[in-house]
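Multiple structures follow.
Same chain, two partners: subunit A is paired with subunit B first, then with subunit C.
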Partner chain A sequence: MPPRRQDASENGLARGTFLLLLAPALILLFLSLYPFLSGLYTSLTDQKLYAAGGTRFVGFGNFVRLAGTPLFWTALGNTLTYTALVVAIQLPLGLAFALLLDIPGRLQSFFRSVLVLPLLIPPVVAGLMWKTMMQPQQGVLNYLLSLLGIDPQPWLANPATAMISVVLIDTWLFTPLAAIILLAGLQSISVELTEAARVDGASPWQIVRRIKLPLLGPYVLLVALFRVSDALKSLEIIYATTRGGPLNATRTLHVMAYEEAYRWSNLGRAMAIVFVLWALCYAISGTLLALWQRQEARRYAR
Partner chain B sequence: MPLNAGAPRPNLFAAGLFAATLAASTALAPLPAAAEVNWRAAEGSTINLLLISHPFVDSLKPLLPEFTEKTGIKVTFEELAEQPGFEKLLADLSSKTGSYDVFMTSPLNNWQYATGGWLEPLDDYIADTKLTAADYDLADFIPGVLASGRWTLEPLKGVGEGKLWALPINFESYQLAYRPSLMKKLGLEVPKTYADLLAMADKLKTDGPNGPVNGIITRFDHYWDLPYLTFGTMLQSYGVEMLDADGKLQVCSPASIQATEDFITLIKKASPPDAGAFTWDQAMQGFASGQYVMSFNEANLFAPVYEDPKQSSISDDVGYAPTPLGPDGKRAAAAWIWSLSMNSAAKNKTAAWLFLEWVTSKDISVKTALAGNMNPVRTSVWDDPKVTALMESWGETPGQYVAAAKTEAEVAALRFPPHPELTRMLDRWAEAIQQSYFGQGDVKTNLCAAQDDIQAMIAP
Partner chain C sequence: MPADWSLRALRGHALLALGYLAFAFFVLFPIVWIFLMSLKSFGDIIAYPPRFLFTPTLENYVEVLFGGEAERAAGEIPDLLRFLMNSVIISGGAVLVSIVLAVPAAYALARRRTGGARNIQFTFLSFRFAPELSIILPLYVIYTRTGLYDTYAGMILVHQLITLPLSVLILASFFRDIPQEIEEAARVDGANVLRILVSIVVPIARPGIASAMIIAFIFSWNNLIFGLVLAGGATRPVTMGILQSMTFDQIKWGLMAASAMVSALPGMVAAILFQRQITRGLTLGAVK
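And then the complex of A and B:
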């Protein structure tokens, strides 16, 4: 696109608008930057909620101590496992749902509204609901398994199965989000393209494989971005079901930070964990965003 | 530095609970008329409470209009489960916003809250004859239970001395609860010792009308209440206290290792596979729903729930016994004391005090006890004919619950050093027990690693 020349009146308007928007922008900047910086400062102190006035600056002491805490590495591993599982399961599943929902049919609108129902349930409530269903003794899930002749599972009660169980709940809750975004992407693909392919004799699978999926790229990245950043920070489902247990099987960095602050009153150490999580989140979503921008650039370069 | 050297251990209940009954009956003699208390001193104000879900709260709610009528003070409250409740309380107290004027707490929590300066000392209010009725009678409280609310603010010592930070509203100790019909069917006697219990662990299972009935249930998650209360009672009966007389940590002493190994064996043999995640409410509901032969070392104040046909399917088939004896034939027990404290940032302290006074008065204590607030912390309530009649009816035979509760109360004490971060230390201890249960390392290694970490928390 050739650069557009701006005339004087347009420029003047921009300047007025600029000044007008400056104040709210500064306020917003302050509101987001101040907590961030104060949190960063806290992570460099030994601040405890109950020790009034006794806060000392400890430099990177909290971070050094974290690196020497085996639980931190367990929690870091758990955070990454949780996130990886969430994305690896929910993206293909969401895509499958989206493709199915894109097929015109009489029940299409019914299925579309049913699909979003889990999204209306707060994660804590979903967690508690699933916790009840996953109870090894009286839970309905093991009852259903028994009808199929499958042995009862310990679900959330055993370190070996707890992680996959919470990921399952997350999947139930958030796959619809993935499906909705991907469905929107599918519907933005112009009908002429698929019709033309069909007329040329492409099979439905070829249409999906060769036309829809490549055009869906930005949407897939968007879903990945949403799910990665949410999963890294996920707290509600885990806290409502296992509170990080059994043992430390589902103790993610966020759960660890929460307990450090609100069970043990240690604000300094909690903030240090939060900043590790922030850095992780920033790095991963930054990578995804860079991928997205490259994709966009390529698309408009055509 | 020795941690607790020379500090006398506050023996909270020993020779306290029922010996005190005598002393208290003399204290009940009418006192000379003092200045009238003006119950309407804070008329028109509102106080906000933070209540943690508990039978006490259920017993209190219907009585609140009575308080408002008497004092003209409006009472609002938030009722939350234990975990979110304490977290919300911590957020409020530490920010000193004073959203809650009065809140439910315990000595363990107060060791941190008092250190933070978030609690209002109550001694001056009690001494003020314009605010505290002459018949309030502080001496009527079980001495050890009341003393648990005092602390000098010195880490690792001074419980029972210093200022009064809380008033008790009930206390729990621990007991065995069992199903007489099932024990009979299995041909088993109620165990007297941990050795007896371990010997029968394999046999404790049977079939019920709704499927298999498991052996025992007890709370078992990775939090402080495990070494502090239920398994704590077992540990203490094995002679283990967190600190010994010289102030040395006993987390991985031979007796502690033995107790932990026995506990894990017991759970593995007689509890279902998901036993490693049970919280206290699951333990209570599980036993009340008839799925277990025995409830092991659980809170004795669950008895009103077990006895209530509306909440329990075993109300006509439940018995109580004291917790088992340790290897040396000794019994010791933990204690949990629900208390009420006043926020030092409370907006209307007079109103808050009038509420505290009213709710812990003899009259209201009897009413809450009759509505399920167990166990009473006033001797006059233990002696109240209606309360006695109610408690006498609990158990396989009349008086069984009271007998077990008294046996336990005689050996119940807070055998832990006061410290603002005690919960963190106990959480670490509980983690070591869980690691061993889930087969991650042996008991000794896990407990000794926990002990090292706890030592670092005490003296960083």
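And then the complex of A and C:
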């Protein structure tokens, strides 16, 4: 079809129309810049949440103070541990689920409906559900372990096991997301390719390892992007179960910031924590996003 | 050789069956267990070893939905019902506002092929990266000053942070799938963009719009932190209500289980009825 108008055919919509259609949504969204910037200023003051009276400008005082607070470093460590565990567990498990659901069979559509269920349950509710199941004395989880001959675990009640317990709840909730994305990746691989390998005598395992896994690159990145960006700012599951305890074992930066504001009324200091976390989130998630973008661009170019 | 082969195949099948079983157990057990718990009497709940067989009762549901005897006598609305109502108003309102703004925005993003358009799309995506408190803690100060704290309008406004980027990204992915020839034909006939959008694109993209609305509603419904910071007694959403009632009555597991089931209902119904659209929406349209 011959180009009708230069602008319309090369770039799609004309620029004016484009901006006009986009404006209302963008304006509403960028309203959030105002609280964001005012929060940035707050992080440079000693503002209290509840107390009236004036606030003082303290420059980078809050940040300097944070650097000298051991709990801050604990919380930073917890945030990174949580995120690393989430990715290290959910990627392989999600891949296992995806490979399982990629095998044609009669029950597949049922399994796929089942798969999305946890994703649609409020994280707080999931936290409370698991908290009841993880009760050390009466919880059903320890009962099930006892059937397998495994000793009862203290789960959320012990500093040594609290972190992995919270990650386990996160894993139950969000591994399905990893599985959905990776399954879509597996199904985008052309049947001719795997069929040809099968005819050449490749075993199912070889087909997975040599053909399917290498082609999953962009999808693995997408899973990492989604899960890392959420895990870095995790708060709801932790708030519903341990509130950062026991002995700060699950106190992440986001939880610490919330407590600093609402428990200790130190809004200025809370905002300082939030912006450290914010920088961390953008640095890590931004890198993953850039990597994914590059892979996608390469795929479109092909 | 054949005997060996069939033995291996059998072992493969057994392994596969075991895999499916483990998968189904992992995903479903917590939901089934809490569902069973919601149907148990207090005695059955605290029994150890846990009871898998028991006489089911609806008393937990009756209490959370219609109130205890004292509340019923006083003619009060039970807390959970009020929280549910708040959540319906907030999430429903937020989705309606979002979809009106997101349809034109997503169409614009889907139909302009420039670097700028792509960058704006990634800006929408990057809203997911920000820790919520970076916006809503300062917003708390602003809301208490302007009187938006603990109001439906204030809650609907702040929920745009969830529902709007989500709707735009999902819709843009669906709009891209619509072939442009029809629109081209309409344009030649002299229809303007708004007309094309309303009478051609929207009707074709109805499943996409449904998908965006369902996902946006569920994510807004499931959110805790906005309510925790910006809602008080008048607009308290269901997620916060459940957490709060649990903190005060640690031992009322049956009520917790029933409330959990009720609050997770929108998500679970959607999961069963709209599985395909949801799968695509959950990945923000990045995966079809």
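Quick note on the criterion: the second predicted complex is superposed on the first by the 266 of 302 C-alpha atoms of A that agree within 3 Å, B and C clash if a C-alpha of one lies under 4 Å from a C-alpha of the other, contacts with A are read in each partner's own complex, and residues count from 1 in each chain.
Just so it is clear, contacts are C-beta pairs under 8 Å (C-beta built on N, C-alpha and C of every residue); 3 or more make two chains touch, one makes a residue touch a chain.
Quantities reported herein were computed from a predicted structural model and do not represent experimental measurements.
Trainee: For A:Pro154, decide between first (touching subunit B), second (touching subunit C), both and neither.
Mentor: first
Trainee: Should A:Leu22 be classified as contacting the first partner (subunit B), the second (subunit C), both, or neither?
Mentor: A:Leu22 sits against subunit C, while subunit B stays out of touch.
Trainee: Identify which of subunit B and subunit C touches the larger number of residues of subunit A.
Mentor: Counted on subunit A, the partner with more touching residues turns out to be C.
Trainee: Which of the two partners, first being subunit B and second being subunit C, lies in contact with A:Leu177: first, second, both, or neither?
Mentor: second
Trainee: Determine, under the contact definition given at the top, whether A:Gln137 touches first (subunit B), second (subunit C), both, or neither.
Mentor: both
Trainee: Identify the overlap between the subunit B-contacting and the subunit C-contacting residues of subunit A.
Mentor: The answer is residues 49, 137 of subunit A.
Trainee: Would you pull the subunit A residues touching subunit B in the complex into a rising list?
Mentor: Spelled out, the residues of subunit A in touch with subunit B are 49-52, 135-137, 154, 156-159, 242-243, 245-248, 262-265.
Trainee: Considering the complex alone, what residue numbers of subunit B touch subunit A?
Mentor: Those in contact with subunit A are residues 83, 87, 90-91, 94, 112-113, 115-118, 221-222, 272-274, 276-277, 291, 420-421, 423-424, 427, 431, 434-435, 438, 440.
Trainee: If you look only at subunit A, which of its residues touch subunit C in the complex?
Mentor: The touching residues are 1, 4, 10-13, 15, 17-19, 21-22, 24-26, 28-29, 32, 34-36, 38-39, 42, 49, 96-97, 100, 103, 107, 109, 111-126, 128-130, 132-133, 137-138, 140, 143, 172, 176-177, 180-181, 184-185, 219, 222, 226, 229-230, 232-233, 235-236, 239-240, 253-254, 257-258, 261, 267, 270-271, 274-275, 277-278, 281-282, 285-286, 289, 293.
Trainee: Given the complex with subunit A, which residues does subunit C contribute to the contact?
Mentor: 16, 19-20, 23-24, 26-28, 30-31, 33-34, 37, 46, 48-50, 101-102, 104-105, 107-109, 111-114, 117, 120, 122, 124-142, 160-161, 164-165, 168, 184, 188, 193, 197, 218, 221-225, 228, 238-240, 242-243, 246, 253, 256-257, 260, 263-264, 266-268, 270-272, 275, 278-279, 282-283, 286-288
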